[in-house]
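Look at the two complexes coming up: chain A is in both, with chain B in one and chain C in the other.
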Partner chain A sequence: MSKNKQSRDVSVPDDGADVPARFTDPGHPEYRPRQSDLDPAADKRAERQVVALFGLSVLGTVGFLVAYFAVPPGNTVASMRLSNLLLGLGLFLAMFSIGAAAVHWSKSLMNVHERSEDRHPLRSSDQTRAAAVEMLREGATDSALGRRAVLKGAMVSALVLAPLTVAVPLIGNVGADWNVSKLKHTMWRKGTKLTIDPSGRPIKAADVTVGSLFHVIPDGLDKTAHPLDEKAKAIVLLVRLDPRDLTEAADRKGWSYQGIVAYSKVCTHVGCPVALYEQQTHHLLCPCHQSTFDVADGAKVVFGPAKRPLPQLPIEVDADGYLIAQSDFHEPVGPTFWERLK
Partner chain B sequence: MTTAASRGAAATADYLDQRTGVGVAVKGLARKIFPDHWSFLLGEIALYSFIVLLISGVFLTMFFVPSMAETTYHGPWAALNGVPMSQAFASTLRLSFEVRGGLLMRQVHHWAALLFMAAIITHMMRVFFTGAFRKPRELNWLVGFTMMLLGLVAGLTGYSLPDDVLSGNGMRITDGVASSIPIIGSYLSYFIFGGEFPGSELVPRLFTLHVLLIPGLILALIGAHLFLVFLQKHTQYPGSGRTDKNVVGYPMFPIYVAKAGGFFFIVFGVIALLAATMTVNPVWNYGPFDPAVVSAGAQPDWYMLFLEGSLRLMPGWEIVIAGFSIPLNVLIPAMVVPGVLFTALALYPFIEALATGDEREHHVLNRPRNVPTRTATGVSILTAFIILIVAGSNDLLATRFHLSINDITWTLRVLLFLGPWFAFWITKRMCLGLQRKDRELVLHGHETGRVVRFAHGEYIEVHRPLDDHERWLRVNYDAHVPLAIAPEHDSRGVRRKGYRRDVLRQRLSRAFYEDRVEPVTPAQLAAAHAHGEHDALASAEPTTAPSLERAPAGGGGDLTTREGHPSNDARNQ
Partner chain C sequence: MNALAARRHHRFAPIVLLLLALIGTGSVYAALAPSRATAAAPSANDVGAGQNLFRANCATCHGMSGQGTKSGPSLIGVGAAAVDFQVSTGRMPLAASGPQAPAKPPQFDAQQTAQLAAYVASLGPGPAVPTGAQVDASKGDVANGMALFRTNCAMCHNAVGAGGALSGGKYAPSLWSSSSRTIYEAMLTGPQSMPVFNNANLTPVEKRDVIAYIEAQRAGSPGGADLGSLGPVSEGLWTWVVGMGLLIGCAVWIGAKSS
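Take a look at the complex of A and B:
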């Protein structure tokens, strides 16, 4: 190689015969004395500093106790903040000063000559290993296991099966009824009134002006057995657009009412509430991962990690002009799961 | 002189020793030597944060009610008066505002958790970059790695206990991620939540995990971690007098009793200062959990940000096979990305050992520059981790700096693939450059700034040679060469078993060690000196430094040629 040739100048010295192949360890560097080793006054000064630091800790503890008794958190933000600040500063001084004192003591007053200790290989000696193997062999012979295959099989079976006594009841109960098909339905039914979250007041179509957004829950939510579970699936966003801006799929023509559309509020990505609405662009934004949906165009994804549009809730108005659902969502809401389409 | 106190101590010691033989332990431990370096404090910070977590955590359990039963708040925090909420949230408000010192303890607990994870990860970085995971410490690396994972789970479970809006949406994301797993997803979600999200079991379940199971496991692993440190003795940084056969430093008693014991109080004090002056997780501003509510700018704790960022960067891919849905937009960022990252971290010591083919015990640490490929790999992983963390804050970047969130997301998507490669390349070049700088220093000494003119008119700068200790630090390392393997066919022309595996291993080894800078040998130094100071400058310069530029682009090569190793590039064998 050409490189070998070029490096010859350096690596093959003329008088190289008696030069060792590698450098040798020069050994421990000499101890460099500290100020306090050389000057008794510095030593005394360091001692006074350590004492002062311990003293500061005592002051911190006293301060903490004074703050605890004399400065109650009270009822205002300012008083709570003050109480927290004073207690925290007291705790800081009490703890930090002990540490500073101990470290300063060790660095300036203790004997800090470096010492060396030998390491020994971790591996046990061949003799020890042989003895250990011999012991195991003896034990195995004593157990008489090698000659009794049935006994071995019975023992293994018993040990493998016994944990089922704990595992079966645990797994049986931990997922409640394990009825995962509930994920596919919500409490919306034909005729369920759309009401405002959280007041539960029904919404008249006439009250929904163009450009406005309503956070909606189904009527009767608080009378269900598990209101939070139902709410987590059934939350809806209601928007009224200028009907000219609205692009509707052929099979969904009858799902809106005079430009009013209702979509699931649960993001199809991982389920956060899609709560940010930009009126100018008709975009809904999920604040968790920024999936963006176009309300004017079937809530299709225009940006972000979500894949599917938000499911649409078909709506109509009842005889009194209140908005009601035509049915449940036509597909499961929320994040994708394995058997979602089954 | 025997005082009453010393007589009492002697009597106690005698009493204990007669019953436990504690004298053996004291004899073995009291003057045990530990090496000293600031970077060894990182692990200690993790340990002490954990102790602070236990102390403040016990305080919090006295007042926290782990229940999702509904209640209505009445108390000093006027903004939430009369609001329905879970008992978990209400008791969090009570312990923050009505229990004196409770708010401080909550803040201490949360800050300690943030510091705990930060210390664990920086400690892992220190261990990684200095090669402290090499034989015999591979098992302890795995123990530490497991604690890092447990720390993440401890953080996630604890952070969700107050049952506020922010953490509730975190749990909603957890549910979405669990549901995304093929076949078992929905059942896993039911397993976690005791039925549908959010259910009424979550907080009590998280509580048990958070205060019993996870800290118990962490405590046991800390025991194993420290036991192995005692057994194997601590690693030490390279330097004169320090070898793989000794340990140089200060005795446990009194130096480390004072230093390490004192450091616990320093860590506690700093956490207290953070808690006193900087509010963390003000759940009273977020409000109780409601599945319909979310706050803009939602962020998890920092150690979860990489997962959040990974979810944010992923494009919306989802596939349906035979009617079954597979949401790649969740599976890849939340399962595959951390899976690959964590598997790579856990296995790294074994991968490097395979490439090195080194069976020796190592107790002297590497200077990161002396193992360029490892250092570059570490920086590359960190770069990906940091890009994901930034991606987890893309909304804040967009609002604070008035940038388009779409642009930020697209930039980070590209950076996630380019950044780590660029970081790898530049780090490796920097390491090689630093090694060459070391060579130059050893060969030519320090610049003195003193310029001398010779009689014949030439100017040179006088260089001061390194002293023995300075030089030893720079020449005492192994530049591993790629592994050589036995030929494919043996002497009788029979194809040998295991050849394919060996070839793969050799390829790995080459990737690691093809580019390298060998330490200066005494012969090279003697040659540099024999030519006289200014001659050495002239002749040694082109042989060391420029050879890198000439290294073939595809394979690299031996950057300096060492005496006695004319062809230690494995391809020539």
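Take a look at the complex of A and C:
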């Protein structure tokens, strides 16, 4: 306050010496008459506006009812959209106009002189306060907690233990399954056929032409106890590149088949399905946070928040020419978790 | 006229005159411009006519016999389907090099496109243009199409085919105005960034199911305006700007004193 040198009424010095102990209540600002107070025509006009708003609401209600009976939702998308649009428009007009009319009425026609009413003091009277203290004291003396030690102990024990009936089931249900080994394995085994998601047809290596992208699930997925749980870990993306474009690490030379490579489709960042494949750049994008992996170079991260390459599924071809897995993934798929490397 | 003459020194007069002149020139050009050549090519020898068209319009980048150059890929073995897709959607001939060839009004009519396709198909075996029955959405299974679209297409083309962004200025286009035939051909040939979905991956029947699903999305959303089906971005913008703006406006109006 003392910094405010532009004060309207008094000049307040910086040292605050002249600040009065108590500011007087400035009261309400002077009443400024409205158009409708001064001009009967304006008053009439405001009244007509309020009437018009209420009339609009009536129109909205009638329109809603007409739309409800005359424009049923029907069976096509277009008819449902029309029905929804008309119902919504009618409802909006019916409700909003009432509100707008009420506000306009109160603002332009009703009495808007400001009044104030002082609050009652919050503090109770001394008599009431003394009586309350007396009652508490009487109760404490009557219960004799100070003398009956065993009773006090029993009561405290009961009160402390009772919340366990709520807390134990709640806390017990947190993280119901602590078996992290499930996160380290998928249902891929040596010899599991690669099949097309969602039809489940096995894939012949010859059918995977250069530039093709196959979304792959393991054979027998629908026969597992929890197909969606298994699928979430085992989904794989299969592409064929020109073998000349492919850069392979020395220890993974045998993991591809004539330029066909298979990678886990679960992003190593937070586990979204990485599936935006750009055929010309061999880049694989994650739709969630734009992590980009280079399929031609061990699915290394070339952009985005992911920290590790996508795990590669070692594949080979069986006697009939179908693509099969050599083994499970050699590392846990998906995002990092605490026990990942233990 | 006197009113106009009086204002001829107005400071906006040159701008108005310039605009009028531009509009006039444009109108005259539109009226007098030569209409697009409609080739009366011989139907007996589509391959020969296609070769002539190819040499005149495509050979600069794709080579005199479609073998490809540094500026354009080889077209040997891409098949008639690839040519029909690229040419009938106007993506080829390319107007300017960029991250991606955009769809634009086609440069060739249907007959010329067919001739070009016939010529390129003669260079080497490749996928043919699908028949009418193969792309007839009314025969497709929309539900199965949805399952296939969700797995194979939705990550780039959006859950209802509204399209989406890729990296480096590339994008997956919206499928709402694509014809059934070009959708089929795109799956079959994998144009530009799009991977190939050959008939072993998505069988012709499954491709038709996908087309049926895309066609079913064109009716829009039963809930009302779908705001481009772009999800939380456009819907959030609408809510925050228009919805919140309306609420703030109401609050200000309620709080303001009547004049």
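Things to note:
One rule holds in what follows: the second predicted complex is superposed on the first by the 250 of 342 C-alpha atoms of A that agree within 3 Å, B and C clash if a C-alpha of one lies under 4 Å from a C-alpha of the other, contacts with A are read in each partner's own complex, and residues count from 1 in each chain.
Just so it is clear, contacts are C-beta pairs under 8 Å (C-beta built on N, C-alpha and C of every residue); 3 or more make two chains touch, one makes a residue touch a chain.
Here the structure is a predicted model, which is why all the values come from computation and not from measurement.
By the touch criterion stated above, A:A296 is placed in contact with neither chain B nor chain C.
Of the two partner chains placed around the shared chain by superposition, chain B is the only one that A:R340 touches, whereas chain C remains out of contact. In the superposed pair of complexes, A:V239 makes contact with chain C only, with no contact to chain B.
Within the superposed three-chain model, A:L276 lies in touch with chain B and with chain C [touch as defined at top].
Contact with neither chain B nor chain C is seen for A:I260 once the two complexes are overlaid on the shared chain. Of the two partner chains placed by the overlay, only chain B lies in contact with A:S97; chain C stays clear of it.
Of the two partner chains placed by the overlay, only chain C lies in contact with A:R34; chain B stays clear of it.
The partner that reaches more residues of chain A, of the two candidates chain B and chain C, is B.
In the superposed pair of complexes, A:P287 makes contact with chain B and with chain C alike. After overlaying the two complexes on the shared chain, residue contacts for A:S108 are found with chain C alone; chain B is out of touch. Counting contacts as defined above, chain A residues 73, 80, 84-85, 88, 103, 107, 112, 197-198, 215, 273, 275-276, 287, 290, 303 meet chain B in one complex and chain C in the other. Chain A makes touch with chain B in their complex at residues 1, 3-4, 6-7, 9-16, 19-23, 25-29, 68, 72-75, 80, 83-85, 87-89, 91-103, 105-107, 110, 112, 114-119, 121-122, 171, 174-178, 180, 182-183, 197-198, 215, 217, 226, 228-229, 231-233, 235, 265, 269-273, 275-276, 287-291, 301, 303-308, 334-342.
The touching residues of chain C, when paired with chain A in their complex, are 147-148, 151-152, 155-156, 164, 166-168, 170, 172, 190, 192-198, 200-201, 206, 219-224, 253-254, 257-259. Here chain A touches chain C in the complex through residues 32, 34-36, 73, 76-78, 80-81, 84-85, 88, 103, 107-108, 112, 196-199, 203-204, 207-215, 239, 273, 275-281, 283, 285, 287, 290, 292, 303, going by the rule given at the top.
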